[in-house]
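Structures are listed in the sections that come next.
Presented sequentially are two complexes of chain A, the first with chain B as partner and the second with chain C.
This part shows the complex of A and B:
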């Protein structure tokens, strides 16, 4: 500062120097700008949730078997609404003593007052008519005493425990559809995953809540990365055969493998375009692993990346079908990139670390991916699930200190993410977890030995 | 060599040492500048280095920032005690003089007409079930009376969703709350310029179609703050879909954003 003042005093000759000094002094503070929009919001927390009370349904007929169905139905409905991420559910302990079966039996003030304080009440009745299970479900607005009813639905299915669960899923989906901003619920969706059976890995299917786990393929080899088509008719996956890893197609309608033309090299990680007419995948048929696009039979394959270094794990923008996010090692460690579906407009999204397995959110706004942000020996942290907003490249970390996490996949409603988690890092201990897209409500869907989940499109 | 010099001493005008001194001085100044710049450059922490957010942004998923509570007043402060010393008692009020009655002074022509009949007592209007929450109240008073509306507290103001169709609003009050909730979730208070004056208000109109999509979004009354107008518009534009309409072909929604300094 002394030098600066002297030059000012001396003469105009040093005016240039003075300016230079002032520039130097001021330059140091110019970087200290903070971001005024340092917030991504996918959910605004508990304050914006709808408080809903779920009454136990009333059994009408005195059949003994109805009790089991009622138990299944009540539990499933409560769990569906609880995991929807939209509701603040009234604990069953706080519900009024009465069990309303019909709108006339519902005393609204009892439900809207403390301790329930419900804004919405879901209730109804179950009935066994011969071999049919008939369920009437109602949703009422607890604060609107004049016109409480929001909707009423009747379900009539063959009586079975599985159908009781399906009816509960459908009733829950209807509530979520009416109250959740027109986005369909996910209670009827499926999750496809890889089951680790000793040395072999097979493709399995389960309901979104982890129930009803069963095998799809019986190939007796290693099958990886199942991806279900947007119309739920086929599964594409990669399987280890005589020619190395090749893509295979399995029809869920015919319940058998269908043709997919293979080529040389290692073919991995298929991804359906939202139209169902194209399949993007990684193939090393020309030597270097690149992203290829073909039709669902494996024909008219064409390469869309051409850069030295591996390119794997494509995923389409499900909203537009015009963009692909993928993982590329062109600059060293694998990083997350996006490009247009013709291979132009390449943008890098991550700035370091080790990024894998992206999945694009249904509304096109976010990408979730697994990321080891500080990769290397002795580096802190581990592989965790992240979300990035594509427009701003801002990200948030969803899992913390839970062990190695990988293979995130969005639910079709955009409110949930399913992923694989291995608490101790061992591959056989990997289990499938699901959470809300803001990282809350984590829960395990399977036991150890399940990996690479993929949420169906609807 | 100076041509006018008379002595060898004068002949030597010390040009050489002078220029050397000047060069040395300049060199010193330049060295000082470069040294200072280098010191500043290497010494200062580089961009985002030791900041708490390392090369990244901080994202928080909460809806409200838990502000620190106000510190309680310090009890035993000798210098500025809370107890104010007693001020002198105010002078006693003068006895109020009763205001003159109308009958005291007779003004010609102002006498009330005797023929007027007192209006018949009207029935109290039927109580409409109002959607909750009624508080906090927006300061757009003209619609706070009868039309079905739903007020949401935002971080920097309130959002009032009003529906002109009263029958719909009463029958499907829950739908109005769903709309208000969706709008407030998609409204980013950071987008509003902090210089916006207190009490500015923008009114939007839009139609919700049967399937929940938005049509004809427009500004009915501008607030005068373009950032507030844009933030309000964007809060609707961000929404892909509202819930499907429970009844009717379309629904016109009026949404008023009132700005209050956070």
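This part shows the complex of A and C:
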């Protein structure tokens, strides 16, 4: 019985894989050739990825301080392009000896020939002018000897290590935008998360690559579920106070909490509509936890679910703003559901187990969520990250045997997923990981003590 | 859990055996008197001896300890906060604060006292259900409250009241009805499996189940504050059924 079921699941999984890949591949966009998702998921070989060489940037001024900025810049740029999921990046060992600082100094055939075999070359120079860091970045098509230049950009910022990193992010995003089918890169995006500080939890912010981790709140209690608004102006989250968990709003522009009206009960797990005009959340103000929608100040609240049992963790379809996925315990263990934003058209997506923490993909086609498919007493099931295609309810599993995973959140380019992982299941060992949306290139962004990541919308 | 039960069972057997032995010796004397006083002829009675122990000596709030006491030559034994108890025995208690269990054994030969201190580690909870150990205040003593209003435990992923929980709730309701000055906080808790957000709503439903049952039994809803902690405040963090069960509960405390 059991083996029979397992084998069915197994073969089913393979079918799902193939199907999802085909779907991703064909549904991607008009830029079929550049479709990163399809390429990543169909072929790990170099053939389908863009072969790009990233030269070390050339220091123009002899200033000693430039060395550190250059190191930061080169490393950041390389890592951004390497983690983009678009490129087959040329190992730095295979780069030509020369360091071109300007287009005239670039010997294209040197870069397009073996061993580099680059199709694209990113290069440029850094210069310190007073206390300004000036960076010129170029992207050349190595096979187009007549008109190789794709673009040139100049960046001019106050000289600091952080700005060297930010300039590298912006240059990387520009390259990704040009070569990635018109989808903006994510190197300038932020991740909001929960930092575990002993018994307390505060809301933190970091760059998408784990750099620049710093506190947003200092409330001295337990704050959970940070969700940044689509315009990056506010963070909604919930905080444990005298009346249990309540929604709070923090303005990133004013750098202080702003008003949010709650009307009794426990209020938690906020979710921004893509317009930024509405907030969905779970509230027990009428007794049973239901999904409610209000404006960003907590006013005009109305209930859209009405069924005994927990309803929690809503997420909007960011493409349409017309549907909400959420977790409901109405039939026992928590399952993943979707409905229209007015509460109609309820569809259950998962067929069992313990499903939590949905996040809707930017293109509206997929939901990533945490799922323990064999949850129950005596069942040592693993909680892993899954993606489900909504139209077909087909799913793939992205994490395997790496400990407890939860809170997946899509990057705005739809190519990455950030999530929380605890290798041994202990809450305070939880760290934040990111991966490509096909489950490859997993890497830790934080050390232990970080949970509930939320990727900014842009 | 199992060891605790064994312990209690053993002690029942032991005290039964002791009782039998005493009864047998008593038979040689007057059979009308209770056995212990039968051991007590008039003036030259030895003073009672008493000892009390607790296992474990330190707990987290919400966990329980087994008190174990032994006396000899005693006719009546009482423990502060519990009342009259058998002369030998065990009892499981879950004090909300660090408590000095003070045992008084009275016998014909005099009075003997014994003490054991149970330390309760209170986690940092923002609305502290702790307060002073003092028995003062209009809400009465913490110990008596917890004796009458006991935490209730839930099945896995469940917020339905079990038959045991219903018994606890009706006992709690009658105590609360007769002590109208008391306001209570019901904390909803979950074990550490599953997801944080879902567990907060589950804890909310657990606390609300308890609240609803109390309100239906006549307790004014205005006296009850409900807070769900989800899995954010764990009493124990062992990956065992016993620990998970300890965490799946609605906890009552005085809302001072």
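What we mean here is this: the second predicted complex is superposed on the first by the 408 of 458 C-alpha atoms of A that agree within 3 Å, B and C clash if a C-alpha of one lies under 4 Å from a C-alpha of the other, contacts with A are read in each partner's own complex, and residues count from 1 in each chain.
The rule we apply is simple: a contact is a pair of C-beta atoms (placed from the backbone, for glycine too) under 8 Å apart; a residue touches a chain by one contact, two chains touch by 3 or more.
All values derive from a computational prediction rather than experimental measurement.
Chemist: Touch test for A:153: chain B only (first), chain C only (second), both, or neither?
Modeler: Touch status of A:153: no partner.
Chemist: Applying the document's definition of touch, where does A:182 land relative to chain B and chain C: first, second, both, or neither?
Modeler: The answer is first: A:182 touches chain B but not chain C.
Chemist: So, A:330: does it touch chain B (first), chain C (second), both, or neither?
Modeler: After superposing on A, A:330 lies clear of both chain B and chain C.
Chemist: Looking at A:438 after the superposition, I want to know if it touches chain B, chain C, both of them or none. Which is it: first, second, both, neither?
Modeler: A:438: touches chain B, not chain C.
Chemist: Of the two partner chains, chain B (first) and chain C (second), which one does A:241 touch, if any: first, second, both, or neither?
Modeler: Second partner only, chain C.
Chemist: So, A:429: does it touch chain B (first), chain C (second), both, or neither?
Modeler: neither
Chemist: Could you pull out which chain C residues touch chain A in their complex?
Modeler: These residues of chain C touch chain A: 123-124, 126-127, 156-157, 192-198, 200-202, 204-205, 208, 225-234, 237, 239, 241.
Chemist: In the complex of these two chains, what residues of chain B are touching chain A?
Modeler: The touching residues are 29, 32-33, 36-37, 40, 44, 47, 55-64, 129, 131-132, 170-174, 177-178, 181-182, 184-185, 188, 190-191, 211-212, 239-244, 246.
Chemist: Of all residues in chain A, which touch chain C in the complex?
Modeler: 199, 201, 221-222, 224-225, 240-245, 265-266, 268-269, 282, 284, 287-289, 309-313, 327, 329, 332-334, 354, 356-357, 370, 372, 375-377, 383, 406-407, 425-427, 451-452
Chemist: In the complex formed with chain B, which residues of chain A make contact?
Modeler: Going by the criterion above, the answer is residues 3, 17, 20-21, 24, 27-28, 31, 35-45, 47-48, 50, 119-120, 141, 143-147, 150-151, 177-183, 351-352, 363, 394-396, 438-439.
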